[in-house]
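Look at the two complexes coming up: chain A is in both, with chain B in one and chain C in the other.
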Partner chain A sequence: MTNAIVNGILLGGLYATIALGLSLAFGVLGLVNLAHGELLVGGAFVSYLVVDRLGLDPLLSLVVVIPVVFAIAYPMQAWVLTPLLRRNEDAPLVATFGFSLLIIALLQQGYSSDPKSLPASYADAGVSVLGIDIRVAYLIAFAVGVVLIGVTHRVLLKTRLGAMVRAAAADPDTASAVGIDVRRLYAATFGVAAAMAAVGGVLIGITFSFTPTSGLAWVLTAFAVVVLGGIGSILGTLIGGILLGVVEGVGVHLLGGEWRSLIIYGLFFLALTVRPNGILGRRLA
Partner chain B sequence: MSLSGHPVPLTPSASAGSGAIVSLQGVTKRFSGVVALDGVDLAVAAGESVGVIGPNGAGKSTLLKVLAGEHRVDAGVVSIGDRETTGMARHRIAALGVGFAHQIPQPFRGLSVRENVRVGALHRRGPMSSRERVEQVIEICGLAAKADRAAGTLPLLDLKRLELARALSLEPQLLLLDEIAAGLVGEELDQVIELLLMIREDRTLIVVEHVERVVADIVERVVVLDWGKLVAEGTPAQIAADPHVHEIYLGTKDQAAGDAQTQGPRRRGARQGLLRVEHASAAYGAATVLREVDLEVGAGEVVAVLGANGAGKTTMTRLISGLTRSSGGRVSFDGQDVTGLSAHARARLGIAHCQEGRRLFGGLTVAENLMLGAQTRPAREAAPETLAEVHELFPILAERHDQLAETLSGGQQQMVAVGRALMAQPRLLLCDEVSLGLSPVATDALYEALAKIRDSGLSILLVEQNVHRCLRLADRAYVLDRGRVSFEGDPEELSGEERLREAYFGRREGDGATPAAHPQSELSQPGG
Partner chain C sequence: MKRVAMVMVALVAGGLSACGSSEGGSGGGKGPVVVGASGSLTGPLSPIGALLQKGYAQRVKEVNDAGGLDVGGTKRKIELKQLDNKSEPNLAAQQARTLVTREEAVALLGSNTPPINNAIGAMAETLRVPLVMGLNPIRAFLSGSKSGWNYAWDQFFDERQATTVQYETANLTQTNKKVALFTDNEQDGIAQGRLWTENAKKYGYTIAYHAKFPVGTTDFSSFIRRTKASGADIVIAQMIPPDGVALWKQFKALSYSPKLAFCEKCGTNSGWGAALKSSAEGTSGLGNWLPQPDRPETKQVMETLGKQIPNAHDLGLAVSGYTAASILFDAIQAAGSTEPEAINEAIGKTDKMYPVGRVKFTDNAYGVEVPMLQWQNGNGVQVYPAGGDAKLQTPVAGLK
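Moving on to the complex of A and B:
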């Protein structure tokens, strides 16, 4: 049982990483990014390519993965989503669904549907701490999640850039009237959110496996985390991730692995019903 | 012509009873601390046409929305006919025979005109089949030829007609009209007035309107709202002549005299054009708001832009700062054509815009708001000194440094807005209604600061409702009248008030801009 709780907490860190980009895009851009799962899987494939060609460690491949995914996502927002947003608030949502299908099609073109994973020596290693068995991959994912969320939270709340982002999120018109290039800022935010998704994808690649179509399951998990933690709340993402991880871990421990999906979506449903604004529910800025 | 066969009286007893078809008693409505309606008592008799006027933010639209059930009141009793409608749902109030034509028509754009009207008619049972009634309403509103066109393709005048038709399709006994004439000019206006006169015949009308001709031609009684309170009531002619009403719109002269000592003599030297607006036009959708306007601001000059609600003043500032794109003409700043530049690029060139309603980032602190004003590298490098200057100008902001902007009072928020603009070290400061909604004390403080800012050599464009105060500060003034410049020149020429009164309350006989069909409006008669 303790084992299930501790591993649930660690897995929760991974869930939080997966959800962070989704939360950021929603909090700042007001965008429900349906392509989030595909950006995540796309990041895993880019990493797969880098690992394959250059023989790098998957974690080191992030040096390439992050800028590549950022560079792909930036024009999506600058050239498609922001212009659409000015015309109709709902149009970008549909466009992200289009991106999602497009990325899936491209990945299917290039790769088979066989599950892939990112080879790392530590992927299946375990350590025992105080009698609790812990997967090293979980530990790494948790650490990455906590650091990413801490940094994002701090940048948003304590830096000038963060103030600009919050200002542009709250009132884009006025932000541009004080001289902020809102279009660029939005595109950069989306790029960062996508890069965060890609980091999550690499962690998934190390810990589990992925196919061109596995984005859907992960984006649903990410939605559950965002709703649990509070839509648009960065710290809430960490809390939501951990809560989901623990409930899932304990639930599977008690009921068995076949209940996994039901537990996740059941909790999602429960959260939407009981606390639709999440645990720390408040829109950013 | 009238909508024959419609009378489904609201209730038989309504006309038999007190005669009041609408009654509001002590109605109060607050929006997050702002009182929009403050204990309003109003009774409207069956068949009466009542106009509601007042400056921006007086509570006029709120009054209509309370009647239509779009807003719930916080206190007081609303009745329509003999039914108390306080807290009643919107569709049930509509079913009582209340039609509401909104200021900004929002039809189903993809549906045809006929379908749009039919959607409204579906909810009403009457002696006529709904199909007949729809056709009749379309006919009356002059939309017969366009009945099959998609609503989204209509020009503004027809959109207004459609909005009326939609309200009429409910066969309302009580019709609420929110600025139905806004944005219309010349012949369009005549046509809408004609339509309203026809509609008026057999129903009760409550009309919120800025266009003085509509008020003068349509209504029998005018009530004046200011700060959510009913402050005057009378015939259109009485109201137009009421000095108290003039004060509400134009501010009092006494107030303006108070700050004379803070404002040195006007400096009029060789004006170097800093900002030049040439033949600029602007439109929101189908509504043209500015028509080929020319305007200039010299270096170090203070220019006032005055005019009634809906004259295009705010659009003027948005056009200059780039928040609204012009549909024609040119804007140049410091000799550079900026017409194609986005708002942030213009801000970086030195155009700072204090928007109407302050528009602070409420969830950010005072300090964050101020620092966000400094976006260019030179402004950022000089930020500590500029901040000190802002604090000197508004000492209270130093105390409130780390407080969230949304927790400040209105006056303090306005100070942050002006301070944020100054942080950019701009060369032109656009101020849109900086004193709107502020107490006299706060307004004094703000104008004192503006005078100091002026003395530092910054050019200022002031858009104001508070006319006298604004004119004391201005080197030059423009008056906008329904999207056109109707006066340009020395503010002292305006202090005689005749021209101002024209711009705010209507024109005198023989003015070419007024169509011949209405050579004289009662409201333009100077009062006793």
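Moving on to the complex of A and C:
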């Protein structure tokens, strides 16, 4: 049982990382980004390319992956999603679905659907701590998740940039009236959210495997995490991720692996019913 | 929140699917004979679907290069209409209907895995159009129709025989005869898990642990801990390739080093080696074809597909497609007609040597003899039956 709990906590850090961008996009932009899973997988593919061509370690490849994915996502928001948002609240949702299909098609065209995995010595390494076997990849994913969430939380709450983001999220018209360039801020937020998804994608590539179509499964997990933690709540994302990881790990330990999906989606629907605003409530940061 | 819930429900229930289509075609007169195939060209099964398609394309090319099929005294070329089912059974069934009703296909070629092939088979039965397939294990195929198949025909390995091959391969080395099973919840995973369990005692093995999980599972930690606790020397897994890659990485990370590890469906194409690199070494998996080097059919296939596809696992998948297409085209010639009923009757009378052996159907199925391949130096080599390419290597090198 201890093994299952510790493993669940660490896996929860990874879940939180993959959900962070989704939560940020919803919190600031009010956008349910259906392309989140594909941006995540896209990040893994960019890393795969960098690792393959430059021989870099997958974690070091983030130096390239983050700006590349940001640069792809920024114009998506600036040129497509923000103009749509002004016309119709639901139109961007449909547009992100379109982006999702487009990214899948591009990845399939470029890489086929063979499963890929990011090679690293720590990807299949393990350590034993007090009799508990732990994957090094889980430890790294957890650490990355905690740092990423801590930094995001701090930036949003303690910096001038964060104050501008929160102002734009709360009332874009007033924010614009006081001189905040809401359009650029929205695009930058979407770019950052996509880059965070890409970090999650690289961690998944190191820890598990990925294909052009594996984004769907991960976006479902990300949705479950943000609903549990509270949509738009950055710290809630970490709590939601850990809760999901632990409940999944303990549930599988007690009931068996065939119950895994039921446990995840059961928890999701339970959270929607009992605490529709999540554990930490619906708020930005 | 309501919007998120709606989106989530829609994603879970519907998936992200879309239809493909292609234009025109006719099965009658003196024009080309249209044959349809709904293949898994994208989606998780596309590595397999692409190889199956290569087998079809090779046979079509050979027939067309020779002037076409002799249909009742008229030479007619074959036009293969291929749609992408995105590895989804429902879409495959819809496409089978489209191919027959809109594209005027006179017969169908199969796809891969039981959920997809049986879905296409059910549509073929409804439309009364013959369907010849491979890559559908015989027991899963037969259990796919309660009243029995009339228009769907399958040539692939029989799971009972496959079970024998796994246990007899395990007999080639010293183990404690304890087996851990890893099976997903797909039709073939459930069926194969049951067969391994039922037959273990007969071969002197014990199922020490059986991990069952849904497709798409990524974290196998708790299963691996239980496997280690069970003391199993042998792992037999049946799962889709992405899940298999994740499992193998976790075996290594959690220091589980079995003497033998079989990964059926997952470790049986070149994508396995590409994804896992050195960790793939020593993984065993059924081949889809037992080459008989002395037979002319084998020599012909090695001259064509063998030169295009160097990996033994991949070649077996393509040969399955090549054989299915050969059986169907021979039946069209034998029928001397493009009438589906006549073609279907001719398929039932098949009794001829093909690359996979002498095909003669019983209950619409033919069990293909298959070897056991093991990943050695980046390729699948035959380790069972003895006398193949190499000797079985233990323990599993990639998981040490």
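One rule holds for everything that comes next: the second predicted complex is superposed on the first by the 284 of 285 C-alpha atoms of A that agree within 3 Å, B and C clash if a C-alpha of one lies under 4 Å from a C-alpha of the other, contacts with A are read in each partner's own complex, and residues count from 1 in each chain.
What we mean here is this: a residue touches a chain if its C-beta (ideal position, glycine included) is under 8 Å from a C-beta of that chain, and two chains touch if they have at least 3 such contacts.
Only a predicted model underlies this, so the values are computations on that prediction, with no experimental measurement involved.
Chemist: Putting chain B and chain C onto chain A via the overlay, clash or fit?
Modeler: Because the two structures are overlaid on the shared chain, the partners are seen to fit without clashing.
Chemist: Check the contacts made with chain A and report whether chain B or chain C touches more of its residues.
Modeler: Comparing touch counts on chain A for chain B and chain C gives C.
Chemist: Quick check on the superposed pair: does A:G179 touch chain B, chain C, both, or neither? Answer first, second, both or neither.
Modeler: After superposing on A, A:G179 lies in contact with chain B but is clear of chain C.
Chemist: Can you pull out the angle centred on chain A between the C-alpha centres of chain B and chain C, to the nearest 10°?
Modeler: That angle rounds to 130 degrees.
Chemist: Looking at the overlay, does A:A163 come into contact with chain B only (first), chain C only (second), both, or neither?
Modeler: It touches chain B, and chain C stays clear.
Chemist: Who does A:D124 touch here: chain B (first), chain C (second), both, or neither?
Modeler: Once the two structures are laid over each other on A, A:D124 reaches chain C alone.
Chemist: Between chain B and chain C, whom does A:D171 touch in the aligned arrangement: first, second, both, or neither?
Modeler: A:D171: touches chain B, not chain C.
Chemist: Tell me the contact category for A:S261 with respect to chain B and chain C: first, second, both or neither.
Modeler: second
Chemist: If you've got the overlay open, could you tell me the nearest Cα approach between chain B and chain C in whole angstrom?
Modeler: Least C-alpha distance: 20 Å.
Chemist: Going by the contact rule at the top, pick out the chain C residues touching chain A in the complex.
Modeler: For chain C paired with chain A, touching residues are 1, 3-5, 7-8, 11-12, 15-16, 18, 42-47, 50, 87, 185, 211-214, 216-219, 221-223, 225, 241-246, 249-250, 252-255, 270-271, 274-277, 279.
Chemist: Can you tell me which positions in chain A touch chain C when the two form their complex?
Modeler: Answer in residue numbers: 3-4, 7, 11, 26, 32, 34, 93, 100-101, 104, 108, 112-117, 119, 123-126, 133, 135-137, 204, 207-214, 216-217, 219-220, 223-224, 226-227, 231, 248-249, 252-253, 256-258, 260-261, 265, 268, 272, 276-277, 282.
Chemist: Can you list the chain B residues touching chain A in their complex?
Modeler: 321-323, 342-344, 347-348, 352-353, 355, 359, 361-364, 368, 371-373, 375-376, 420-421, 424
Chemist: So in the complex, the part of chain A that touches chain B is made up of which residues?
Modeler: My answer: residues 160, 163-164, 166-167, 170-171, 173-182, 285.
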